[in-house]
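Order of writing sets the chain letters: A, B, C and D. Residues in each chain are counted from 1.
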Amino acid sequence: MELLPQATVDGLLIGGIYITIAIGFSLAYGVMHIIDFAVGEWIMLGAFLGYYLNLWSVLDPFILLPAIFLVFAVIGYLIQPLVYRVISGKKGNPVLMGLVFTFGLALMFRGAALTGFGFYSHSIPSAISQDSFFIEMGSVFITIPYVRLAGLLYAIAITLVLHFVLKKTDFGRAVRALSQHREASGLMGINAKRISSYVYGIYVGLSAMTGVIIGSIFTLNAQMGGEYTILAFFIVVLAGMGYLAGVPWAAFLLGLVQSFFLIYLNPSYTLMAVFGILFTILLISPKGLFGRGV
Amino acid sequence: MSEPLLQVNAVTKTFGGLHAVFQVSFHITPGEIIGLIGPNGAGKTTLFNVISGFYAPNKGQILFNGQDISGKPPYKLAVLGIGRTFQVVKPFAGLTVLENVIIASFARHPKRRQAEQHAWMILETTGLADRANAQASSLTLAGRKRLEVSKALALEPTLLLLDEVVAGLNPTEADRTIELILSLRDQGITILIVEHIMRVIMNISDRVVVLNFGQKIAEGVPRDVAKDSGVIQAYLGEAPQ
Amino acid sequence: MKGRTKVLALLLVLAMSVPVWADEARDFFKVGVITSLSGSLATGGNVTKRGYDLWADAVNAAGGIEIQGKKYPVKLFYGDDQSEPAQGASAAERLATQEKVDFVLGPYASGLTLAAAPVLEKFKIPMITGSAESPMIWKEKFRYTFGTIPPVNYTGSAPINTIAGLNPKPKTALILGSNDTFSKATAEAFQDAAVKAGIKVLKFNIVPSGQDLIPYLSAAKAMQPDLIAFGGHDEELIKLVKALNQINYTPKALLMHYGVTEPAFIEALQKSADQVFGASVWTESIKTKGEVLWPDAKSYADAAMKAYNVPADYTQAGSSAAGIAFQMALIKINGVPPLDEKKRDELVDALEKLKVNTFYGEIGFATEGQFYHANVGLTPLTIQIQNGKVVVVGPDSLAESKPLYPMKAKK
Amino acid sequence: MSRKYLLLILSFGALLAVPSVIHDTFFLRIITEAILWIGLAISWDVLAGYTGYLNFGHGAFFGIGAYTTALLMKLCGWSFFLALPFAGLAAGALAVIAGIPTLRLKGAYFAIATWALSRAIQQVALVMDITGGPDGMRLPTFLHPDFFYYLMLGVVAAIFALYWFLLEKAPFGLKVKAIREDDQSAMSLGLNPTWIKLQAFILSAVPTGILGAIYAYWITYIDPASVLGDLVTDQAVVMAVFGGLGTLIGPAIGAIIIYLFKTYFWAYLSDYQVLYLIILGGVIAASVVFLPNGLWGTISGYLQTRNAVKQKPVPQEKIDKGVHHV
């Protein structure tokens, strides 16, 4: 049986999940130049909210997404001034300060989650999380799990919405101005603080929604954050930090690399390959695959 | 006439297809002060960066003391004897004025003690000795420009490239700086200077080189160049016919 | 400033020279507990902690360990190893020197046991670990280190043998393990047993921890393996079952290790957990006769449920049993607290000779060979999740129910 | 300045006396580990604080040192002291191989590249047979608390002294700082930034590898998670930032405070096991908000402004000396 189509489809489906992990993070970096070590913890917290809401309401996790976005967008909006204060300080090294600050946040969130939610792994059941459909064309036979397809569609939808918002709305124009010309945008009457707060809210909300999707495809637990922080870093760097349009391609590339390694090469070396590739790409093109990073 | 100290031969530097500097040639003989002028965006700073090694020329050649230095990194040129200042001053802000100059002195005096003595001497000549222990970031603009010159001088250069060291200073400060430049020439340092203020350039330069749109449009003693129709047009904003 | 410096130096010395008090006479046992209360292994670490706590509570509820007619209660002193070997060694050192414990109940994972054991060896303090199933500990032949749970290369063959005896016999297998000590050893044990049982291993792979295995599995699906056996920890097991459901592949049998007996496995997967096989040495339904504390597995399970409102698994039971082993050995040697070095040496000798029936099964430590000081008194069990319950399905002599086989597709 | 020296020498003397005062091997172990963390925090700061490059793969040097020692001792049967320099060499070699390409990167990119590299190295150790894969390696047991205490103290004191000399006294320190402040200007003054940064990278790596070697022999067991995981880097970063970057004393103070704080919570308040994560995280986040220059940076900044009022003008004889030299 021909494996190539399946490997490709699997890679793209994984890529879809990766888009959702990284897109908000990339947006936040583009505007605020913050590398948020707590991105995985936002995902984790969102996953837990989804888990408990699902237990309580018995609604499908995909239906719960907007509510989770709202809750976390507000949290992000409220926390942002503190973050802003840290990374816009004149003293010290702002990149480092942001890293260390969010590292502290991540530890706190993880500790709080361990205390509040315990150690166990959970899963958020969705009506579509246990099934798949097939595509058969001659000798080609492809299995596509519904829940993963939904994840990919969600990722594409989010990407398109973000794209639309950034290109077509006043808010989006302000965001782009801010990410491209920080000083000049202030002169143009853009309230950098306000815009940054909105962006941070969007980023936190997106990350939290990602948590719910991950919880229904995989699992969730209080210590899951670290793993997804790594992935988010990886994709964003590959895409070029802050270069939003690069995220989907980087995510798909990463998904495909993983898929092909698992299928055709020694699975043991998958992660090694992934880190090796990140390292190599950074050396060849320090600003990401497209050389468009900030 | 003696051997030229610096010879720029048909140097071209392009950025993404645009010629920032196009086939520029001129030379400097030892002990001269050469003024490099031209309207904004004429390519003066780019040419500076090419001569001091920050950019490698795409075409052409730069000879220093008869030696081909095109494409050599700045830190090698600094040791060979080319000192430069930056238009946007670049002090080591977190360090003291003295430390700033000591760092430059290391090029000729690798021992810390000697470098420090040398640095004191330089600060004395440039008139910054009384601010030696202040943080570089605490200096005024005039002070920073002076520090910029001090650092370049500490290299004990034979050729000094000065990028707008007078612009932005008040008349008294400007006069002091001009005095300093002239005294440096008297010590035998050859100087290539970019300056916006015509009064300064025309007064101190032995010869001037005029750039426009990356090309050399005139060269000669200041009096002649000032009468050149091409130069006048360039400054009035009309493209030469 | 000079004066201030002196004062500071003096304070520093004072602060560091906390008095080392002599070992006072006491009428209770000091028991050290080294386990992972935080860090990446916190899940398992807390399971072992519950096991140790439950034993201590039961002993103290009865007034203590009775030695020559007098009852000596036990008091636990915790050392969190933070899932880091260096902290495990620190914890051992602290319990030995600060708390001066008489004996130690050991860490959850093998690496931590390997770091703590040499320190306890130095202080000659016996340790029994209620978990730590990797074979590597026993190869080191630490005199003072014992374990109540048999290593996975001892238990791993049981479920493979059970499954190989089913009808129709599985002919092919896909075996994989996550790349950590325990999971890798499990997968290797599965592989050895499968080869011996005449099952053809189509693919054997060690995969990085936490990997999304969908591509791997959808490729493996093409080979239609009868048996899929996986060594991994709870979270990875849940992911694997979900991934198999997502690609709609149902092998004839799906085998994992102890993780399937964890409540989280069934809670997270619900119906999908059904018919998954696992390996264990204890379930709450097995028939055992305990001489001390709990008369059988059921009463232990009830006590555990009452105390923590979480069903007990075999790690927890093994941890409680570690306490019992110490308890019985102490009675044998008439060891009254505090135990001095000579007495602790006697305790080790007594542990080596110990044969005791407990709610957990028979405890008896090997004294030579590759299982040195591991408990080989137990019979490895094959278990299966049936209707959300853990049921023993093998070996035949202990089976409570017939294995459900082949696995039914979910749809 | 001399006051600072005096304090350092006094505390070193006090530390020398520790084993004769404290017979409790647990305390000795705690102090030994605190000293280890001082070494790790200052060696990280050499690159971060002095050159401005945030190395998020610092742990790789530590792990390479640990594994080199373990391999040499186990496979080649070498003695520890024979293996020790090779641990440093291996870390130094890694610094050269990794440094030449990565030091071209800026800011966050450098941070993430080094972090990815350390992850890749961890994966290598996980899949190789010779390193025992996930099982790790056990070293010959030599449990002598005083030996390890003095070894750690001696090595870290030597590292500290070396750094002090090179970074605060010798020309190298000023050159490194020049590159941190403005590498363009530094280049125009005859400094080769790549070479100087590489030297700083090696200077940061070699001692870290040696500390890894001591750790391995001391703890007797290493595995990819413990010596090649994120812990070493994360903790060193937090300590250095908390204490104050770009100095040697700051990270050392940060290391002591954070380590003792963590250990105190760990040893005596273990029942609140996860609480310590929350508190540690809170302390870190708060210190960044309220002490952006770190503890030492804030203290010395305060002292400086206080002294600045009393500061004397430049001594005339110094100027005379300079002029006289002409």
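Please note the rule applied: a contact is a pair of C-beta atoms (placed from the backbone, for glycine too) under 8 Å apart; a residue touches a chain by one contact, two chains touch by 3 or more.
Computed from a predicted structure; not experimentally measured.
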{"item": "Closest chain to global C-alpha mean, per-chain Cα centroids", "value": "D"}
{"item": "Most remote chain, CA-based centroid, reference being subunit C", "value": "B"}
{"item": "Gap in Å, rounded to a whole number, between the CA centres of subunit D and subunit A", "value": "33"}
{"item": "Cα-centroid distance, subunit C relative to subunit D, in whole angstrom", "value": "37"}
{"item": "Distance from subunit B to subunit A - Cα centre to Cα centre, in angstrom", "value": "49"}
{"item": "Sites on subunit D at which at least two other chains make contact", "value": "123, 127, 274, 276-277"}
{"item": "Residue numbers of subunit B (touch at least two other chains)", "value": "none"}
{"item": "Interface hub residues of subunit A, defined as touching at least two other chains", "value": "114, 268, 271"}
{"item": "Pairwise chain contacts, counting only pairs that touch as defined", "value": "A-C, A-D, B-D, C-D"}
{"item": "Touching residues (chain side subunit D, partner subunit B) in the complex", "value": "169-171, 174-175, 177-178, 180-182, 184-193, 246, 311, 313-314, 318-319, 321-323, 325-326"}
{"item": "Partner subunit A, residues of subunit C touching it in the complex", "value": "38, 40, 42-43, 46, 176, 179, 205-208, 210-216, 218-219, 221-222, 234-235, 238-239, 242, 245-248, 262-264, 267-270, 272, 410-411"}
{"item": "Residues on subunit A engaged by subunit C in the complex (per definition of touch)", "value": "1, 3, 6-7, 10-11, 13-14, 17, 114, 119-123, 125, 129-132, 143, 145, 147-148, 217-219, 221, 223-224, 227, 258-260, 262-263, 266-268, 270-271"}
{"item": "Subunit D contact footprint on subunit A (complex, rising order)", "value": "35, 82, 85-86, 89, 91-93, 95-97, 99-101, 103-112, 114-115, 226, 230, 233-234, 237, 241, 268-269, 271-272, 275-276, 278-279, 282-283, 286-287, 293"}
{"item": "Subunit D-touching residues of subunit C, taken from the complex the two chains share", "value": "1-2, 5, 9, 12-13, 16-18, 20, 37-38, 40, 42, 78-80, 82, 84-87, 89-90, 93-94, 96-98, 110-111, 114-115, 118-119, 121-122, 134, 136, 140, 179-181, 184, 206, 208"}
